[in-house]
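The following pair of complexes shares a single chain, chain A, combined with chain B in the former and chain C in the latter.
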Partner chain A sequence: MNLPVTAIHHVWILHQMTDQTLVHLTLFFTALLIVVILGLSLGIFSGISHRWGGILIQSLNIIEMIPDIALLLLLIPITGIGAVPTITAAVLYSLLPIVRNTSIGLLSVRPELIENGTALGMTEREILMRIRLPLALPLIACGMRTAVVYTMGIVTLGGIIGARGLGAVLQAGITRNNMTVILVAGIWIGILAVLMDLIAAGGERILSLKYGDRS
Partner chain B sequence: MKGSPGKGAGLFHRVESLDLIRVSKWFLKTNAVRDLSFSVSGGELIALIGGSGSGKTTTLRMINRLIEPDAGQILINGVPISTLDPIYLRRSIGYVIQQIGLFPHMSVQENISIPLKLGGYTRVDIQNRIDELLELVSLSPVQYRDRRPAELSGGQQQRVGLARALAADPPLLLMDEPFGALDPLLRRQLQEEFIRIKRELRKTILFVTHDIDEALLLGDRIAVLQEGTLYFLGNPQDLLITAQQDPYLSVLTGGDRLCTMRSVPVSMLAVPAGDVIYCTDLSNSIRIRDAVRNKEVRGAVLSLPDEKLRILLLDQEGNGNGISESPVIRFAPGTTVLEALSRFSRSSARAAVLTESDAVQVILLEDLIGLLSGGGSA
Partner chain C sequence: MTSLLTAIGQHIILAYGGFLISAVLGIGSGVIALKSRWIKVSLIMSTSLLQAIPAFTIVALIVPFLGIGFLPALVVIVVATLLPVVRNTIIGLSSPDPILIEVADSIGMTWNNILIRVRFPLGIRPIFSGLRLSSIVANAVAVITVFIGSGGLGSIVLEGLVRFHTPGILAGVIPAIGIALFADVMLRYAENRLAPL
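Right, the complex of A and B next:
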C-alpha cells in the first residue's frame, strides 16, 4: 500500500488521467441526465396508468436481471463499441430504481390528501403537479441515488468495450498486470463514486426534509 | 367577509335548496344508500347520524361528486348536479374530513391559499383573506401562517382544515366527522367555536357525525340514517320525543333521557316567538290575562317597574280563574339542560329567560319536564 507520490504522478501523466476523468464524468453525467429525464417520465406514466406501469416495471426488472457485463456485450452487435453502448447500458440499468421509486412515490401519497385535492376542485393534473409529485420527491431522490451508483459502475465497466474514461485506464492496468495503475485508477474511481453518492445523499436529505410526509 | 372572486369562482353564490331525490348507491353488491330522499333549505345545518355503514359518508361524497350515485338525482337550487362541471361544483362546496388532510409539504398559509388561487383571487386579496380566516378559527396569523401541519396539534390542524374549506367562501359546507379524532375536551371546544362560526357565516351545512350529543348540539335538523335509508328527519326536540316510542332511536339517543340531555343547551327548548308575549305596559293587564286564559298565548312575561320579571301562565291544576303568576329566573348563555334543571329545583320559578346572542328567549319548566320525562307535548 506504499505508493510513493512520484509513482502516482507518473501513472496519472502516463495514462492522461485528468483527461480521462473528464471523459469519465462526461459519460457519467450524460447517462445520468438521460436516465433522470426518461426515468421520471416513465415513472410518472406508471404512477398514473396501473396496467401499463406494471408491465413497464416488470420489463425493467428483467433487464435488471441480466448481469451488467453481459448487457454491455449484448449491445455491441446493435450499437457497436465505445461510448454509445456504455451510455445505453447505463441508462437501461439505472432506469428501474428511478421508475419504480417515482411510481411508488406517486401511488403512496395518502388517499385523503388526493381526495381533499379533488374536493377542493383541483384537476387531476394540478393534483399530480402540486400534491403527488412534490410528496413523491423524497422517494424519487432515493431512486436517483441508487441510479447514480449504478451509472458510475456501468460507465467504468464501459472501459472493456472501448469507451474511454477511467474504466479504460483500469482495463489497461489489468491487461498489463500493472498493480500500480490498477490501484491508482481503482481508488480514484472509488473516491469519485463516493463523492457522487454523498452529493446525491445530500440532495435526498434536503428533499425529504422539505417534502417528507411526517404526519 | 368576501374577497373578490375571479373567473374561477364557484357555480352558485347561495344555496336556496339542496334536494336528494331517490338516490341510491351500490358498492359491489351491497346497497350503501337506498332510495334516499330529503331536502335541505338554505342556511340550515343538517346533522347526518347513524351507525357505521349507514351510508352517511357516501351520501356526503355524492353531493360533491367524489362518487356518483347509481340512481336518483341530487339538485342544488333546482339544478341537477350531474349536469354541472364537477371541478367547478367542488369549488363551490367546502369539504372537511376527520383525517383533515392538510398537505404536509405546504405551510398553513399555502394550504389555505389553494382554494383562493383556484378561485382566481389576487395576491393581495389572498393575503388578507388568509389572516381573516385564521382569526375566524382562533389562530393568530403571525404565529401560525408559516408553520407546517406537522408543527400543529390535532385541534390546530382541524382549525386550519376548516379555514381552508371556508377560504373561497363556499355557500355549501360538507363536514365528515370533523371533530371525531379529537379528545372530548377539545372536541367540545371546537364544537362551541363552530357554533359561533356557523352563526357568523350562515352557510348551508351537512354534518356527518356518529355522536348524538354533537348532532343535538349543532343540528337544526337531524337526519338518522339506517342501512342506507332515511329513518328519521326532524329537529332535535322531535327526535328525542319520537325516541320515546321508537326502539332504534331510543338506543341511538342513549335511552336515559337526562343522561343524554345533560350537556345539551337548554336554548333548544326556547318557546317559539309569538307563543309568549312580553309586556312592559301593565295598564292593559286584563287583556293580557284574557289572552293567556283563552290559550291565545302560552304565557305572558311581565316586566315590572323594579326590573323583576314575572310570568303569567295557565294554571295546570286549578280550575278557578286558571291563571297563576310566578317568578322568572335568568339563565346565562350556554346553560345546559342539567344546569337549568338544578336552577329550577332551587326556586319556585316556572319559567326562565335566556339571553342567547342577540335574542331573549323564554324557557318554560313544563317543557323541560316534558322533555325529560319524554311523555308529553313540548
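Right, the complex of A and C next:
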C-alpha cells in the first residue's frame, strides 16, 4: 500500500497538480460564469422575442454540431492558443443548453398563470420577473447542469492547445506513455467532473422542489 | 491527397463503427431495462455519473487497460456514446401512456408485440434524439482518439497542430464537421421516416 501512495505523491508533485487543479478550476468557473450570464440574458431575450430567439437557437444548434475539438482548434487562428480559445469554445458550446432551456421555460408557463398576473394588474415586466422566470428556474437549472458537463469537457480538452490545467497533465501522460500520470490525472479529473455534476444536480433538485409547477 | 481520403475513410469506420455498436448495445440495454425497475434505476444512475466525465479523460484512462491503437479508440467511442442512447431509449420506451400499454395487453398482444408495435413507434423521437447526440459525440471523440494512435482525421489535425500550421488543422477539421452534419441529416431523415406521425 506504501508504493502506490508514494507514486501518486511523486506524480502529483512532479506535475504540479495542485497548481494545475487551480488553473483548471479557474478556467472552468470563468467560462461557467460567462456562460450563465450570457446564456440567461440571451435565453430571456429569446423567450420574449420569437423571431430573433428562433434564429439565435438555430445558430447555436449549428455550433453544437461541430465536434468540440474542432471548435477549439478553429479558434486558434482567431484567438491564438491558451486560455482564451478554451474559454471561448467552452462558452460557445455550453450556451445552447442554457439559452434553449431558459427560452422553453419562459414560454411553457401555463397561460392561466399569466392571465392571473394580468388580472392582478401586473405589468409585462412584473409578469416576467415574478411569474415566468421563477417557474422557469427548474428547467434553467437543468440546462446549467448540462453546461457544467460541457464546460468541464472543453476545459480538459484545452490542455492540448496550451491552456494548462489538468488536461495538459493528461496529455503529458499520454505522450510520454506514463501510466501512473494517466491514472492519477485521469481519475482526479473524473472525480472533479462528477463532483461538479453532483453539485449542479443538487441545485437543480432544490430549485425544482421550490419552484416546480405542480399541477 | 490520397492520405486525406484514407484518413476520412478511417475516421468514418472508427466513428460510425463505434456509433453502430453503441446504438445496438444502448437500445438493447434500454429494452432490458423495461423488464426490471432495479436495472432501470441503476442504468440511469450510472449513465448520468459517467456522462459527467470529459471525453478526453476517458480517452486517456483507456490506455493503462487496453493500450493504444484502433481497438482501444473504438472502445472509447462506444463508452462515450453509449450513455445518451441508453437513457433516451429508456425514456422513449417508457413514454407511451400506460393506458395504451394496458389496451394493447387487453387485446392479447404479447410483450414483444407491445414492444415493437406500441413502445418503439411512440418512443421513436426520444430514441433518435439520443442517437443524434451520440453520432455527434462519436465524431468528436474519433478526432480526439488520435492521441492514442487511432489514425483518421485526427492525425491530420494533430500534424497541423504540432507544426502550428492552420491550413493543416483546417484540412482535418472541416471534413470532420462535414461528416457530422451529413450524419445528422441522415439520422433526421430516418427519424422522420420511422416516426408514426
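To be clear about the criterion, the second predicted complex is superposed on the first by the 212 of 215 C-alpha atoms of A that agree within 3 Å, B and C clash if a C-alpha of one lies under 4 Å from a C-alpha of the other, contacts with A are read in each partner's own complex, and residues count from 1 in each chain.
Just so we're on the same page, a residue touches a chain if its C-beta (ideal position, glycine included) is under 8 Å from a C-beta of that chain, and two chains touch if they have at least 3 such contacts.
In this text, all values refer to a predicted model and were calculated from it rather than measured experimentally.
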Quick check on the superposed pair: does A:Ile131 touch chain B, chain C, both, or neither? Answer first, second, both or neither. first
Chain B versus chain C as contact partner of A:Leu113, first or second or both or neither: first
Please indicate which partner A:Ile187 is in contact with in the superposed arrangement: first for chain B, second for chain C, both, or neither. second
Partner, of chain C and chain B, that touches more residues belonging to chain A: C
Could you say whether A:Met152 touches chain B, chain C, both of them, or neither, answering first, second, both or neither? second
In the overlay, answer first, second, both or neither for which of chain B and chain C A:Leu74 touches. second
Please indicate which partner A:Leu170 is in contact with in the superposed arrangement: first for chain B, second for chain C, both, or neither. second
Give the list of chain A residues in touch with chain C in this complex. 64-70, 73-74, 76-77, 149, 152-153, 155-157, 159-161, 167, 170-171, 173-175, 177, 179, 182-183, 185-187, 189-190, 193-194, 196-198, 201
Where on chain A is chain B touching in the complex? 110, 112-113, 115-123, 126, 130-131, 134-135, 210-215
Using the touch definition up top, name the residues of chain B that touch chain A in the complex. 64, 66, 87-91, 93, 95, 97, 99-105, 114-115, 118, 149-150, 164
Would you pull the chain C residues touching chain A in the complex into a rising list? 48-49, 51-57, 59-61, 63-64, 136, 139-140, 143-144, 147-148, 157, 161, 166, 169-170, 173, 176-177, 180-181, 184
